[in-house]
Amino acid sequence: MVTAPPLTPTFLLGLTALAVLTYDSVWPDSTDGSVLTGISVVGSLASLAAAGWFLTAGTGLATDGVSLYADAVVVDGMSLFFTALFAAVTILVSLASFDYFAGKENQGELFGLMLLAATGMSLMASANSLATAFVALELVSLPSYALVAFLKNDRGSSEAGLKYFLIGALSSAIFVFGVSLIYGATGSLLLPDVAAAFESGLGDRVGIAGVGVLMVAGGVAFKAAAVPFHFWAPEAYEGAPAPVSAFLSSASKAAGFALAFRVFVVGFPLGPAASAGIDWALLFQVLAVATMVLGNFAAATQDEVKRMLAYSSIGHAGYVLIGLAALSAEASTNGDVMGAAMAHLFVYGFMNTGAFLFVALAENWGVGRRFEDYNGLGAEKPFAAVAMTAFLFSLAGVPPLGGFFSKLFLFAGAVEAGLWWLVVIAVINSSLSLFYYSRVVRALWFEEGDHDLSGAPTALYAALAVALIGTVVLLPGFGPVIETAQQAATALFA
Amino acid sequence: MVPVEYYLVLSAAVFSIGLFGLLTRENALLFLMSVELMLNAANINFIAFSLQWGNLTGQVMSLFVMGLAAAEVAVGIGIILVLYRNFKDVDVTVPQSMRW
Amino acid sequence: MNPWIAIGALAVVSVGIPVAMMAVSSLLRPSVPEQGKSAVYESGEIPTGTTRIRFNIQYYMVALLFVVFDIETVLIFPWTVIYRPALEGGASMTEVLAPMLVFIGVLVVGLVWAWRQGAVQWVSSPRALEEKTEANQ
Amino acid sequence: MVGAFDYAPAIVLLPFLSFCLAVGVALSGRDLLPKGGALPGIAATAGSLLLSAWVFLTVSGGETYNETIYTWAAGAEATGSLSQPLELTFGLLLDPLSAMMLLIVSLVALLVHVFSLGYMNDEGETGLPRYYAGLGLFTASMLGFVVADNLLMAFMFFELVGLCSYLLIGFWFRQSGPPSAAKKAFLVTRFGDYFFLIGVVAVFATFGTAAFAGEESFPHLAEQAIQGEATVNTFLGLEPTAWFTVVGLLVLGGVIGKSAQFPLHTWLPDAMEGPTPVSALIHAATMVAAGVYLVARMYGFYALSPTAMAVIALVGAFTALFAASMGLVKREIKQVLAYSTISQYGYIMLGLGAGGYVAGTFHLLTHAFFKALLFLGAGSVIIAMHHNEDMWDMGGLKDRMPVTYYTFLAGSLALAGIVPFAGFWSKDEVLYEALVHGLGTTSGLGTALLVAYGMGLIAVLFTGFYTFRMVMLTFHGEPRTETAREATEPGWNVKLPLVVLGILATTVGFVNMVPVKDLTGAEIDFLHKWLYGTEGAGWAEALGTSGYNYHHLLVADYGAGMTAAALPSYLVGLLSLALALFGAGAAYVLYGGTDPDPYTDKLGVLKDVLYNNYYQDEYQVWLAEGVVLPLSKAADVFDQAVVDGVVNGVSSVSLFGGSRIKRIQDGLVTHYAAMLTLGLTVLLVGFAIYGGWF
């Protein structure tokens, strides 16, 4: 009997991308997106199913992960967890794109690029070597740049694409230079070998390694939209077509964290690194605070919903960074807090995608982008507005929605790790976030507006409904998620 | 044999030149070239350390970097073309409609 | 003796000779400025317009495809290096060949796609045609 | 055998079902339900009431219930020094306290639903399904909060309650006031709740569990930890007692927000913008009660910390006085009631903080009834006055609305604390507990309690005054406007709840007549007995939530270390009764005439300079000498300027900070690159120096 290769979920995403390109090669002039959407959704579903199957049944997958291609790639609980997340977000965004880009040209490119990026994300989660990491990172970035600039004749879209690209190019140059320095200090690009070199002592190459670690951190901070590598995010999310913003702010961010978790935990073990003076947990504490504060405070004074969500997305990156910041050399809480961060990303994948999809819906209806343009939408489109309200409250962490639980676990983990002050800052930020999220809710329900809305686009509504189900079903289903995440994270520390 | 520090100094210099160009130029194409310089600084490191450690990892990595640099340029120039089409200029400081 | 001295000497000489030649000739030659000497040389044709003309974007499309696929060949290079040793080392033909075939296959999908999208198809755009005819008048 | 406890979840689920039904109808946009969804709500709350009564009877029989019903999520493994993994669960805790509270909440909710028929339906309001959906969800979440068996579940329902309050206050969202009041209520209570959230996290991190009752509950673990019998995680290098104080105060943040205690009380008067039945249900009888109920629920934890007890007592007493003084000068009938609510919850906090677990709970019970009564009575007046709430436009309603008048009077007598109405017995016991524990305890806690007692006593005087000022202005004298002259009493659906509550407000105090017991020796302190159980046996032993356990903790030297002085309760009661009567009498004299115009020259008649100035010109001449009015005004100004100012200030500072921070995103990509490089360089240099890399 042939067993499925461990990388099946990643392969499925890649093959789907090729299938989309093949379809587009055969019928290059089609503007009907239904087949393309169908291929994307089916392929992503297959990938999700494969990842879920490996994750739950454990079929074809050893408990502590499988290394492939001379250790360049590893498939374990964490990579499957994230792959499931990426596939889920891809499904949502594909569905939404059907309506959003209906009748537009070049839809084949759109779906192809999106699936290629998803493949890259999945590969990032599996990367066990800095070489794989770099290639995967670029495989995510390059399609993303093009996706952001997708609306060729829209000034906002091309401006966003330019800024994203320039900052991205700079960041990847910094990342790869950091990788070269790590290679210089340790003589290998494979994370286990790098770790071994750290453990046996770096000698006089601590400085090189230190600069390298910081630059690698910069590369992942770019993907995760963390300060000071966040500058692209507000513009890119605002200017990009809303489904693309959803994709980037949920999946791409999670991919950055997936990479960060593995590279830093496996590759640069904190014990020897910290004793050599490369205390990257401290680095992430600094970044977490700066990111949270900047994201939330800047979000509080925005005029446009989409840009507010963009900044709030930066703020959430700050919360997730706690998952790295609260690690310590030989604490037993490491797996818990990082697992909580992973679970938060998972929940975030649904609620944030959902929120951006509502923005997509609003753009599709042709209502404006500002808060007051959303006035009275609740009365006219109650289902969509209820869904949006749930997403926003979940983002703010209002119980009993999914976002509350993930934040609770994350903060509890950080408290157990002794990072009181960080949690206090996070909670203050959280309370501020409620303020600006509730502005949207207020506009939706408590203000009167006058709109002439054209119908309810089926696929967008379906995507919204799936995201809503994800956000709400994660309440009773949060147990398995957090357990899986914490197990997967604990395995990394073993 | 040349001490590895020399290569490091060279690569750091190339990296810094690239960074300087990136920070001072406003032409998108020059921006792109500067990034290429930075990537090649990394390549110098990879090759030099590959020689020093006596394994081929660094050389192979440098090939990847070159390949991806080319891809990046391709996408980059595409975006610059779109920029030119919308703003009639390749000056990166012109698009400033989104801020704050 | 340090072997680098020879290289250094070579470098000095290689820079020095052209510099010296240019210096000497500029000292010796007579200077007769004339309009014809500073004119743009276009193989005997009468020059039209400036050197900074805008090229048709389709040159760029082809060049771009070339750059990408050209660079990809670099990635084939390490494979060729290990191909024979791997076979001699007992690896089966499939094991050695299949990954490269997959790699090329993915590239082919991309190439076919680009082809079908019309990236290499030379369309004479009205605007380019117009510019050309204007320039020739 | 299937008993009451098997049906207990239905108490929560029934109103939730009515909520779902109403939401479904509201979303469909059609008028499918008769009475806009009121009938399902009434049926559901009536069902809850019946089940609650059954639970109450079962609990009276000595049975209790403390079980986990559902586990949401369990952490992968135990961490730190804790023995069990982190688990989030849902469960029910049914003991005398929660059984009593269930009865209160479901009864008041039922009556408010009935009253809404008169206040909302008969007045032709639109959007009724939304209204009844809000009421249903509110009732469900409040009941869920009451039966919660752990802190996290309590927190979640606490938040839901806050959310419903937001939705209901903002019910008339097309006007300008209600939405902003709703937002203020939500944000101010959320502000407190964030402390609560940190507290919940801290409880989990410290004990690994958040259960309220039983062997593995956090109050029990805390008690053991202080005695050195159990180990828990403490943080910040604090001793267990100090750390528990910190945790207790964090949770208290949520209590202060929700129960509208100083300084987070500012949302409650604004919340009067909501429909009056909502004010009755949420802002008087139940939601605000959630805060103090939480203190009572985890009393075993607070009783361990003298500091926390002193803070609770002082905050409560100060709020009682502060709010009562502001109630003196309000024009709108609902504003007076709003401040009186804040003040009365201050009393409850005072009672709990002073070691009077039963006293505080007792006042919670009586207050729920008489305050709901007063609000509904005010609602009835407001209907008759065509939604004019200004008391100066009323007057003489006594003859036109007899049912409203007599029930309102009963409620007022209870509020003022006049014997034998309900409020007298409970308020008297609160003050008694504060006094005896203040006198008996020698530590700083004793002093704090005495100060608190003093403030509480003065507040009694104020309470009597503002209550009867309100009664006099509304019901007595001559009608001052045309509307008041033509006022008529609303229908049965308004009168029925008033009568039921009127009877309760008159009689419910008889369940715990401690002064009478002390005088006659008759064993009539039923509530005491009920909340105490049997020492060392039955549920009191199993759950650890009985009055005996708390008493034991309060007097233990590792706990709060209180001692009670011997003092006959009737003497203390006489003193506060005299003050209340004095206050009420003063109001009667001042406002009792046929035409109590504030500008009438009554200087000669009034001997008391204090009230003379006050009465002479309520809204302008407060600079004149006098004590009470300037103080009240000052308190009001302080409230508006400083407290509100701080709340607003925090938000505007945040917004200003936000508007500054976002300026670095100036749209120029070259600047981004420069700042990115700069940031990286700063990090590199900083860490290079910190780590000593070179």
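We call the chains A, B, C and D, going by the order they appear; numbering starts again at 1 in every chain.
The definition used in the following text is that contacts are C-beta pairs under 8 Å (C-beta built on N, C-alpha and C of every residue); 3 or more make two chains touch, one makes a residue touch a chain.
Keep in mind it's a predicted model, so treat the numbers as computed, not measured.
Novice: What are the two chains with the most C-beta pairs touching?
Specialist: The largest set of C-beta contacts joins the chains A-D.
Novice: Roughly how many whole angstrom separate the Cα centroids of subunit B and subunit C?
Specialist: 18
Novice: Where the centres are mean C-alpha positions, what is the separation of subunit B from subunit D, in Å?
Specialist: From the centre of subunit B to the centre of subunit D is 64 Å.
Novice: Using Cα averages as centroids, what's the distance between subunit A and subunit B in whole Å?
Specialist: For subunit A versus subunit B, the centre distance works out to 26 Å.
Novice: Suppose each chain is reduced to the average of its Cα coordinates; what separation in Å results between subunit A and subunit C?
Specialist: 39
Novice: Using the touch definition from the top, which residues of subunit A touch two or more other chains?
Specialist: Expected reply: 162-163, 166, 170, 174, 234-235, 302.
Novice: For subunit B, what residues touch not just one other chain but two or more?
Specialist: If we look for residues of subunit B contacting two or more partner chains, we find 22, 60, 64, 71, 78, 92, 95-100.
Novice: Among the residues of subunit D, which ones contact at least 2 other chains?
Specialist: Those would be 662, 665, 667, 669, 673, 677.
Novice: Tell me, which pairs of chains are in touch?
Specialist: A-B, A-C, A-D, B-C, B-D
Novice: Where on subunit A is subunit C touching in the complex?
Specialist: On the subunit A side, the touching residues are 18, 21-22, 24-26, 28.
Novice: Quick one: in the complex, what on subunit A touches subunit B?
Specialist: Those residues of subunit A that touch subunit B are 131, 134-135, 138, 142, 145-146, 149, 152-156, 158-163, 165-166, 169-170, 172-174, 176-177, 179-181, 183-184, 187-189, 208, 234-235, 238-239, 302, 307.
Novice: Spell out the part of subunit D that touches subunit A in their complex, as residue ranges.
Specialist: 26-27, 29, 71-77, 79-80, 86, 88, 152, 155-156, 159-160, 163, 170, 173-174, 179, 182-183, 186-187, 190-191, 194, 197-198, 200-202, 204-205, 233, 235-236, 651, 654-655, 657-659, 661-662, 665, 667, 669, 672-673, 675-680, 683-684, 687-688, 690-694
Novice: Could you list, by residue number, the parts of subunit B that touch subunit A in their complex?
Specialist: Those residues of subunit B that touch subunit A are 4, 8, 11, 15, 18, 22, 28, 31-32, 35, 38-39, 41-43, 45-46, 48-49, 52-53, 55, 57-58, 60-61, 64-65, 68, 71-72, 75-76, 78-80, 82-83, 85-87, 92, 95-100.
Novice: Which residues, counting only subunit A, touch subunit D once they are in their complex?
Specialist: My answer: residues 162-163, 166-167, 170-171, 174, 206-207, 210-211, 214-215, 218, 227-229, 231-232, 234-235, 276-279, 282-283, 286, 293-294, 296-302, 311, 332-333, 335-336, 339, 382-383, 386, 398-400, 404-405, 408-409, 411-412, 415-416, 418, 420, 423-424, 427-428, 430-432, 434-435, 438, 442, 445-448, 475-476, 478-479, 482-483, 486-487, 490.
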